[in-house]
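By written order: A, B, C and D. Residues from 1 in each chain.
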Amino acid sequence: MSTPRTLKKRVGVAGMGIMGSRMAANLVEKGFPTAVWNRTAEKCVPLADKGARIASTPRELAETSDVVITCVADPNALGRVVFAPDGILHAARAGFRLIDCSTVSPGLSRHIAEALESRGAAALEAPVTGSKMGAEKGTLLLMTGGKQEIHDELMPIMMAIGGKAIYCGPTGAASTVKLLGNTIISFMLEGLCESLVVARKAGLPGEVVLEVVRAAGFASPYYDFKGKAILKRDFDTHFSIDLLHKDQTLMLNEAAALGTSMPGLAALREVLQSARGQGWGQEDIAAVVKVLERSAGLS
Amino acid sequence: MSTPRTLKKRVGVAGMGIMGSRMAANLVEKGFPTAVWNRTAEKCVPLADKGARIASTPRELAETSDVVITCVADPNALGRVVFAPDGILHAARAGFRLIDCSTVSPGLSRHIAEALESRGAAALEAPVTGSKMGAEKGTLLLMTGGKQEIHDELMPIMMAIGGKAIYCGPTGAASTVKLLGNTIISFMLEGLCESLVVARKAGLPGEVVLEVVRAAGFASPYYDFKGKAILKRDFDTHFSIDLLHKDQTLMLNEAAALGTSMPGLAALREVLQSARGQGWGQEDIAAVVKVLERSAGLS
Amino acid sequence: MSTPRTLKKRVGVAGMGIMGSRMAANLVEKGFPTAVWNRTAEKCVPLADKGARIASTPRELAETSDVVITCVADPNALGRVVFAPDGILHAARAGFRLIDCSTVSPGLSRHIAEALESRGAAALEAPVTGSKMGAEKGTLLLMTGGKQEIHDELMPIMMAIGGKAIYCGPTGAASTVKLLGNTIISFMLEGLCESLVVARKAGLPGEVVLEVVRAAGFASPYYDFKGKAILKRDFDTHFSIDLLHKDQTLMLNEAAALGTSMPGLAALREVLQSARGQGWGQEDIAAVVKVLERSAGLS
Amino acid sequence: MSTPRTLKKRVGVAGMGIMGSRMAANLVEKGFPTAVWNRTAEKCVPLADKGARIASTPRELAETSDVVITCVADPNALGRVVFAPDGILHAARAGFRLIDCSTVSPGLSRHIAEALESRGAAALEAPVTGSKMGAEKGTLLLMTGGKQEIHDELMPIMMAIGGKAIYCGPTGAASTVKLLGNTIISFMLEGLCESLVVARKAGLPGEVVLEVVRAAGFASPYYDFKGKAILKRDFDTHFSIDLLHKDQTLMLNEAAALGTSMPGLAALREVLQSARGQGWGQEDIAAVVKVLERSAGLS
């Protein structure tokens, strides 16, 4: 990051959602010549105001960048951004690099890496965790999969958007680890929500439950963060139910392909599905508590 | 704990299991005149060697102690220790105190507290968390339920066996919070086990998963502790599958009585039941991973 | 049943609920000298109008009957009716017979049988299936557990209230088989409800689903019966959600005691619990569909 | 079916699996000029011996047939057979008819119907139920989706392979109904297996359970069929675990798309996944009992 500004690589960011827009802002802030693209162009405007250039297609974004970071909602969106006629792949050339921060299946990651390699370029899968605030502060945790030397080469750019990058293994490894991370989050979330609803029915203040968890050997900052949000009824979206449901589905499919059962996760996915069916899919995953409250006659 | 030795209350401990025996050792160590009782007397011998007196019945233990701590396996055992003809209740008198560290139903806690109060004595429910090591080092976390003044009065004794005591509310509140704590542990455990089995099938080192979890916003020392045990195949019992299954059953019954559903916990309990059915009930809860490994064809 | 009226045994019926009152009516109708008892006496009046005698306690009922049939809501109720100071047990004597048609745990059945045998009497567990209509028409299916000769001896009385009695084995066997029957019903019910809600969301008439099921190899009159009720929104109680939930709990406890897991039933019980939490516990089990409809945003 | 032989339509069958080969045999038997195709050609030989012509590609099959019946394992296989360069679509012309008997997603069914219609042809989705024996005897139940007049037009051919065809609605309706049928089967199977394992642990003969079910209001020939297979340990494949798991996955995906949760089916799918992980994916779905037996320490 001490590299003189003039030598900094040109970085493109595709996808101006909660995460991508904050990544782009950090890149601009840290002096990278930054271009942005989004399916609906108006979301690019705030970044242009900060100094980013707007590209009209993913392909143009890639043609005018040394490195493109993709951060889109799901495997279908990523497939289009990369493989469509105006997609990134058609601008891939020797030396070009793709960092994919989306959460997708290991299979799609491998498919993309192979396509880029066939054109002399390289891809690094780099899904992130840390939610909106981490993206804003540049403290995201990146998990990477691909060649170790590509990981090393891209560290300066990754350290502009995140605080740490852990190399997980060959392409596919990082997608798998990311899905496992969201699996662990799913269990923590459901455990917390089921507990807080029982507490409420028992007339116990939720704060007492959080205080005990905080003091226990199984404490985690996550319980505090989500627990307080639930007690304040703050369902402002850091990570939406729809997105976690999508990741749970990817995980269950991957588990089935690998030949292992996930009886717990399967049960949890249906609770999120119930939240989606009741119209809460765009709310934060903390809103899962509303499903359990309704089941308990609390709403 | 700065009280002069001669003024220290006489404390009895009923139940020389993993937790109770270590509590008693800490009481002896810290200068409390300590008596012990266990259903099978030979488990009292190591404590007698350290200076504890052995009582022949729970009743005698209570007659010769100012405060009795009960720490037994389940509601049935506690019921016998308190209500049987040679039980604690029959020695209860004005000023006598019972600290119950067992994990039981809120209903039984209330039943015991009322019985003691009718004889001028008082009970404090004080289930603990912190496992074997916490009991050994005297750093257990106690959750208490009962009258606030009884909690305050008994703090010196609680601080001889634990590092912190959180007052949760009236009798029943602490039992409920304890069951909720074990609910949260259940979810963390299953999430970790499902994740590590998927990782193993995907050819990913489990250490990478633990490293990512450690760096993430949902980190918890618990994942490290149990994760390393699983990777080392160390199923030495800190907290047995049978005991957690018992607590999950109490929790589900309590939830049904309160009128709330726990779809996640219900699924997890059946995984533990499968471990019990396969003969692993006495192993540590980390051995739950073996159920999932077998389902994945790994054993 | 061809026995001359004057030789017919005196039969007492304890429990004037949906099933018991109809059994008593059939006994009166078929010429048995019949006495009835209920916890709240006014429910006995319609039977008295038909010619039954009203007993003031279960003990008096037993003293003045050769055979007592118990048909009460749950294990607690049965325990009181048999073991309380004014309970049946205290009137048990050589030759006295108890037919218990309640659905309880195998353990309680064995406990009752032993208590009666110690007084020279005998008990036959005889839980029934067939719902309200079967009780009314006298076509219930009885499953019996106990000694084969007691089953044979009591056949004339059983055939006055039911159409068939299957001998299952020693005491406990019939309770187990009954709980298994309700397990099978639970799965059929949930499968049907999940299917009808999907159909509704897909814009498919539920009648088409029922027509296909009727024509398939997995057809069952039960699907027609419950399916039509659901499509007509007829949740008039044949078998209440509270009662099935109670039986599912008994089954899961029994399975845990036997050392086997029931991952499906555990999931289904939580759906019923959700129905109870939402205030539908006294409605027919067909009302389980409302839980799924709500999860699908249909109400 | 009374049509003179010479006027009978030329029928092609793609997919010589358990179902397709028996359908083709019935068509030959009933005098339809029949051609067959299979991915691996040797499976066509027994049909050729009976008088069927072998086509070298799905396209050729379609070119030389008036009506093609597809009966392949999963959506991917069907996609290839229809859309590949040598696929059926390229031979579609005015008057050509496709009857798809595979079990696929409603979405794929609609996609195929539109593609054929754009070429002046028509498709009827016609998934079947009835297992191997039904296919052999020509008593399958067909569920159809598409235009009512196409259903009517194709009845003579459908009645050569099945005993009944129920028109469910527009394209997609039959796929949905088929998936719902397999959902109902899934619940019946799991309920039966959980019950038989509990019975075995309780020392109760499985035959007694089957006898009671047979006499109860929830009787179904399916319980007898599968129950006897389980008691005889006959896991010869009528319907494989892999195929039912595939259908359950399609159903859960469809339910998520429609916005409804299926908490029961999600739990059941993981039991099948456990069977697959343990190497029993190719066995009959009755082998699901082995998962539960292992969980109960019975193997």
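Note that contacts are C-beta pairs under 8 Å (C-beta built on N, C-alpha and C of every residue); 3 or more make two chains touch, one makes a residue touch a chain.
A quick note: this is a predicted structure, and the numbers were derived from the prediction, not measured.
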| item | value |
| --- | --- |
| Target chain D, source chain B, minimum contact steps | 1 |
| Interface composition of copies chain A and chain C: same or different, split at half | same |
| Centre distance in Å when chain A and chain B are each reduced to the mean of their C-alpha atoms | 38 |
| Separation of chain A from chain C, taking each centre as the mean of its C-alpha atoms, in whole Å | 53 |
| Set of chain D residues in contact with two or more other chains | 255, 259-263, 266-267, 270-271, 273-274, 277, 295-297 |
| Residue ranges of chain C in contact with chain D within the complex | 106, 129-131, 134, 141, 143, 164, 166, 168-169, 172-173, 176-177, 180-181, 183-188, 190-192, 194-195, 197-199, 201-202, 204-205, 208-209, 211-213, 215-223, 225, 251, 254-255, 258-268, 270-271, 292, 295-297 |
| Partner chain B, residues of chain C touching it in the complex | 245, 249, 253, 255-256, 259-263, 266-267, 269-271, 273-274, 276-277 |
| Footprint of chain C on chain A - complex, ascending | 263, 267, 273-274, 277-279, 291, 294-297 |
